[in-house]
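Note that the chains take the letters A, B, C, D and E in the order they are written out, and that residue 1 is the start of every chain.
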Amino acid sequence: MKEYAYFPGCSLEKMAVSYHQSTLETTKKLGIKLKELEDWNCCGATTYFYIDELLAYTLCARNLAIAEKTGLDVVAPCSACYKNMFFTAAHLKTDADLAEHVNFALEEDNLQYNGGVNVKHLIEVFAHDLTPEEIKSKVTHPLEGVRVAPYYGCQIVRPQKGKEDVEQPQFFEGILEAIGATPVNYPLKMRCCGGSLIISSRTAALTMVRNLLKSAVDSQAQVIATACPMCQVNLEVYQQQVNLEFGTDFNFPVMYFTQLIGLAFGIPPKKLGIGKEFVAVLPSLVPAGKK
Amino acid sequence: MSDKPETKQFEPTIIGFTCNWCSYRAADMAGTARMKYAPNVRLIRLMCSGRLDPMFVFKAFAGGADAVLISGCHPGDCHYINQNYKAMRRFQLMKRVLAQLGIEPARLKLLWASAAEGAIFASEITKFVEEVRALGPLNFNATGFENQPKVEHKEVPA
Amino acid sequence: MTDTLSFNQEISNLLYAAEGEPLQTCIQCGTCSGTCPVAPFMDYSPRQIIALINAGNKEAVLESNTFWYCASCYHCTVRCPQEINITELMYALKRYSIWKSQHQEGLIGPTFSEAFVKMIVRGGRSFEPILAPSYIFSFNLRELLTEVTGATELLLKGRLPILPARIKRLENFKRMIGRIIPMGGLE
Amino acid sequence: MEKKEKIGVYVCHCGTNIAGVVNVGEVSTWAAENLKDQGVVIARDYKFMCSSLGQELIQKDIKELGLTRVVVAACSPHLHEATFRNACKGADLNPYLCELVSIREQSSWVHTDKVAATEKAKALISGGVSRVVHHEALEPLHVPIHPATLVVGGGIAGIQAAIEIADAGFQVYLVEREPSIGGHMAQFDKTFTTLDCSACILTPKMVQAGNHPNITLLTYSEVEKVDGYVGNFVVSIRKRARSVNEKDCTGCGICWEKCPKKVVDNVYEVGMGTRKAVYVPFPQAVPKYPVIDRENCTYYIKGTCKACEKFCPTNAINFAQEDEILNIEVGNVILATGYDAFDAHRITQYGYGRLANVFTSLEFERLSNAAGPTGGNIVMRDGKTTPKVVGIVHCVGSRDKNYNEYCSAICCMQSLKFAHLVHERTGAEVYNFYIDIRTPAKGYEEFYHRLLEEGTHFVRGKVAEISDAVRLPGEEGKLIIQVEDTLTGNQLRVPVDMAILSAGLEPRADAKEVAKKFGISCSADGWLIERHPKLDPVSTVTEGIYIAGCVQGPKDIPASVVQGAAAAARILGKIQQKEVLLEPVRASVNQDQCSGCRICNNVCPFNAILFHEDTMVSEVNPALCQGCGTCVAACPAGAISGTGFSNLQILSQIDGLLMLNIPRKEAVV
Amino acid sequence: MSKPKFAMYWAASCGGCEIAVLNTNEKILDVDANFEVVFWPVAMDAKYKDVEAMEDGSILLTLFNGGIRNDENEHIAKLLRKKSKILVAFGSCACEGCIPGLANFSPSRDITDTAFSTISTDNPDNVRPQTHYMMPEGEITIPTIYPVLRTLEQVVDVDYYMPGCPPESHQIAAVIDLIIQVLQGKAELPPKGATIGAGNSTVCDECKRKRNVKLIKEFGRIQLMHADPDLCLLEQGIPCNGPATRSGCNARCPSAGAQCIGCYGPAEGVQDYGSRLIAAFASVIDSEKPDEIDKILDGLVDPAGQFYRFNLAGSMLRAGKSAKVSGD
């Protein structure tokens, strides 16, 4: 049975609690054990790096150090957390000087990081650690004919090179196919949603949301699937804002990929946190045309 | 025999081995471009770093050199296809032996320099000279190795 | 060897050592700016910022909104033909501008991030990297959405009506941070 | 040493180049006094040793003082070693008994502290003296040259080289992997800047090569193995079975007319057109004989059909034909194996393969070629629509560390050519997206200006991405090229109907194996390395192996022709000499001391060391040996010695160099 | 007429050489038959003063085994040189330092420390040997230890070298025969400085094992692996010194299934034994990646010991005096 250390990250505590729930439900079904890190702290999102790089690395390192004690790979469902932890781990491996500083600070919490942790994004667990067959085997209600727009966003594959095709990856599609859905190919699946700008540069962010939604709509998708709380909120919650700003009339459902998987596994929507959305999702999940 | 002058500023003597095609030409290049570097290194031209016999290095140390520089073409660019890799292997093994013989491995340096890298060659030499200066004289020759750093005796498992 | 660093050097020093090629290798091809989803909103395109840095035009750079508008999507970074880590550069500029407390008037970014970090330094967890949605589910949406920026001010005044989560070993945590930046530094 | 050597030391001022920093007078008197024991009988300093007067000075001493060794302290041996060796030769002293010590490049030019520089000069000379004592008189090796030449690769560079040598009256074997010679040039439509049709200028040369009495054409063939050394290579070549008897075939074409099996042509037509299972790649193919493509031929798959055989008027079809292995002897080899076009699929954001109307440069060549799949009509993938707006993307896969760091040299001009053709044939709006326009050859810049006059748009910016993401009105159904116009700083979205990716040049996929096969080396990015980038661009580190055309690096047709001819000229020179002289710096095995441990056997990349199973000793073939000395150092029994760089020479040089140590600065100031 | 005089001395060495001489069995009688043994502390009682009393050059043949570790060794070496026509460096210790020479790895203070104040030594008051010590009976002295062990040739001029640890008895017998034949005018002495009682090539020459082109991915220790009995040991990754070691022992160790450890010293013309092996071993390592190479080299535990077990005192780097280039 697969087991991972689990770093939910701040958003999943409240805002994206449905992502949290659906993650636990689906992984449970697949016989994957997620061990939440004890007393984890915020990864710092992007903002720490604005202020003090070393501090930012230290915060991530604290979580890594805690994870290291479990001896497991650590999984983060949030792309921002994932990216921060991934690169902190990478740098701490190669840069002894940085590691020394960081460990000096960690002493205060009786922690030490020795560079032994593997950081994974939740979606990598589904895409790489599990075979499509393993996922298929649990599907009871395949999402036949449902056109889903897989939204990668930024930090799942960027800036790592070599690991995946950073411009046109296919693993998200793979997961959707495994649960019977029809992934649509739309040009902006790799584009940024502007999440981190929504406060500081609202117009820019809203424009980016607009472009993304349009691209998804143009591709006759019925729902967008995301693997990041930032993206979900940004794409969904701000639709009204976009409509106000640009006179559009978007009312487009945005779900976590784990919720879709959960539905395909026949897990009751409530358990997957479905129902808290701005745009009701269930109605849209009927095969295209049958609406 | 080598009488190191008693001065605040210790001037190390360094023997350098270059290959005929890349590193020696790098030295030429440094010359034609009038780049300045420390005068402590005296070069010996070999056809290829692959010609480097560990004996040459030991001889240099025994003869009073404070350090030895080995330089050749960049890996992959060897004029003789891949002989510089052989030099690299010998270098790695030599370092181990030197350490056991009580000579700081840092006194042996391997430097890849292409014919175009006169600047690198020059700056690396100056850097190396500084490093060796920091290590101090080797005073190896004669019986005077009493003042060598204590040798680490490796435990040999049965 | 001059003892006063050029602007380019200062910024390069702020770039994390292991991150890509130095700025002066930029060939000004514009891939970054052609790629950037936010470029149309920036005073200067990322490419121009690099040019300005290399030209030593510190004022123009710090006065621009460019790096505050960077969404850190890393698209430029993966495409840069010279493998310059442009996103990290933008981070570096943010740090530099906060450090020198010199930035364009009326930008929300700088003040926001300071407040944000203070909060986490205090609590160990953020109640939401994006503010608004945190209380979406409990508060009147319309009101909130029309006043996102207002909300920011609320936060800045520390009068936001929800409590951030806190970690258990908060004291250790604070001392830990203390080893990196004296607490005074951000308080 | 039983007999004491008489050594002369000559210190050059090189004007002030050396004398300005090194106290040459002091150096020479020092040498005369302190190097007596090593055998120095005379030491002089002179303004310009390399001048005829300076050389005479040496020769005079050799004669009058009976010098047996000469040490010249001057510039780098790479500059004047030959000069002074010849001077010695002139005075009947074996040239290899002369040692050149570089006190210019290695002392006066690189040091400012005069005392230190002078002392270093002394040390270097003392090293040279101790070394020269152990020099031996050497004779260069004489190796006869076989007059025939092998040319690998039948592109324009190879064809040119072959014709030059053949015209001079010597035998040439021209080996080509494909069924016809012609190479990439045969695929092109027009050639920049003159815009004359590629086929029109290439075909005559192909025919000439095909009919030349001195050229043996080996198409559909590949080199399997290379043995031997300069002047005496033995090359085995696999001549793949054409399934057609060349002596009977007239090339009438009935077979491919009748062949029922259509195959997509991924080589010549880059997937844009089809050919038959029995085919000649293109109408002007040389030789004219077709080949049967056994992967696709129905007979080889199903065992039936044989249409070609039935209809062949001369019964030339031979299904049973087998590959032949030919072993040929040649004196020299020219490698002209060319390049591969960069695979545009790799830059996914440009959408090639995903977005129908993104074309590569080679595809466009076929598109605009009158003999191509569309008969020269520049149309979109649907095969009919003429594009109204065309975007040409420069530097695809070039000048980009994610792919190839180098500039592919030809893309700018090729893109300009495309722009012109599109404009001329379709009247479409043409956009060129470039980082820099590079037109560094005769008539190129003028061609660029001509394009400017034609009203082609030039946008300075590397294209970020090509997509079908419609955002603004007017973008529907178009390809959107997103780019920063770096001259205005604006991010542009340019809607086009067709995008052409000006793909760069890459080394052949098998370049590294080819290099290994011929015992030469590739640079890190895979282009074969010339002996000297400026002064010896077509020969390689392995005597007798030459390179020409794109195999050495990206270049256009004129440059490839030049290199083909240059390589030919170099070889003709060698052939005329009837024999080559090889530097006598070689390794040799002392048979009595060798105990056949075989450690040296794998250290030689030139396979110069052979092991005699019977006598259990290893031996070095002096003609194959390149003199690197690695085996000398590797021999555990000290049984291998290397002339010119013997242990004794180098150990003595070390002694000499260490004779005195660098004095403290305080001593002078 | 009196028989030519013969001497044998034992300096810093283990005594194995003396045993080897006795191992020549009845050959030893020929020695007695043809020589008058004047000085051979192991075999007969003799006093230094007797030797000192002898006429210079009055001893025809002296076999000197052992290195020069202290002033006594040096004194006797010089003495015997003076008194002998032919001085033979007998055995590895005299020729190249051998096992006692391994002391040259460390300053002599470390050695005495190791000997007198390690846990294995019961020496509570940390007593150290004194070269001079007053006793009621008078002053007693012991020789002074030198900082390094030197080979015989590093102290006095040597006529012939006879390697081996110890020299093979059949080789000793051969040498005795040779000398006797010379005495009877039936043979010529080899040129001064020659190595006698050994071959001119290397152990591989006498080794029967099959050998191919060598590519080593891993060095192993023979006791930890099952070596192919017919295949070259080095090829199997076992660090065998045969390729660099002088022949003469009939490849005793390799044919007995153990790797050659090099007791017969450097092959003819080799100036630094260890260098040869470093270069040779490194050359056959099958890797171009520094890290991988280092991993492979880790298989060579104690490389310096491997390469210089017998030759350290005679080597360029640990020679008592700076190594000389043959020919100057």
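Methods note: a contact is a pair of C-beta atoms (placed from the backbone, for glycine too) under 8 Å apart; a residue touches a chain by one contact, two chains touch by 3 or more.
Just so you know, these numbers come straight off a predicted model, no measurement behind them.
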Residual chain clusters - chain E taken out, nothing else repositioned: one piece
Interchain contact steps from chain A to chain D (minimum; 1 if touching): 1
Which two chains share the largest set of C-beta contact pairs: A-C
Between chain C and chain D, centroid-to-centroid distance (C-alpha), Å: 49
Mean-CA-position distance for chain E and chain C (Å): 72
Centroid distance [mean C-alpha coordinates] between chain C and chain A, Å: 22
Whole-Å gap between the CA centroids of chain D and chain E: 55
In chain E, residues with contacts to at least two other chains: 271, 276, 279, 283, 325
Junction residues of chain A - those touching two or more other chains: 161, 167, 211
Overlap residues in chain B, where contacts from two or more other chains coincide: 53-55, 59, 63-64, 82, 86, 90
Chain pairs in mutual contact under the definition given at the outset: A-C, A-D, B-D, B-E, C-D, D-E
Touch list for chain B against partner chain E, complex: 1, 53-55, 58-59, 61-64, 75, 82, 85-86, 88-90, 92-94, 96-97, 100-103, 140-143, 145-146, 148, 150-151, 153-154, 156-158
Chain D partner contacts - residues on chain A that touch it in the complex: 161, 165, 167-168, 186-188, 211, 214-215, 218
Chain A partner contacts - residues on chain D that touch it in the complex: 347-349, 354, 402, 467-471
List of chain C residues in touch with chain A within their complex: 14, 16-18, 37-38, 41, 65, 68-69, 71-75, 77-78, 85, 87, 91, 94-95, 98, 107-110, 112-114, 116-117, 120, 124-134, 136-137, 141, 145, 148-149, 152, 165, 167-169, 172-173, 175-181, 186
Residue ranges of chain D in contact with chain C within the complex: 349, 395, 399-402, 435, 460-465, 482-486, 489, 491-492
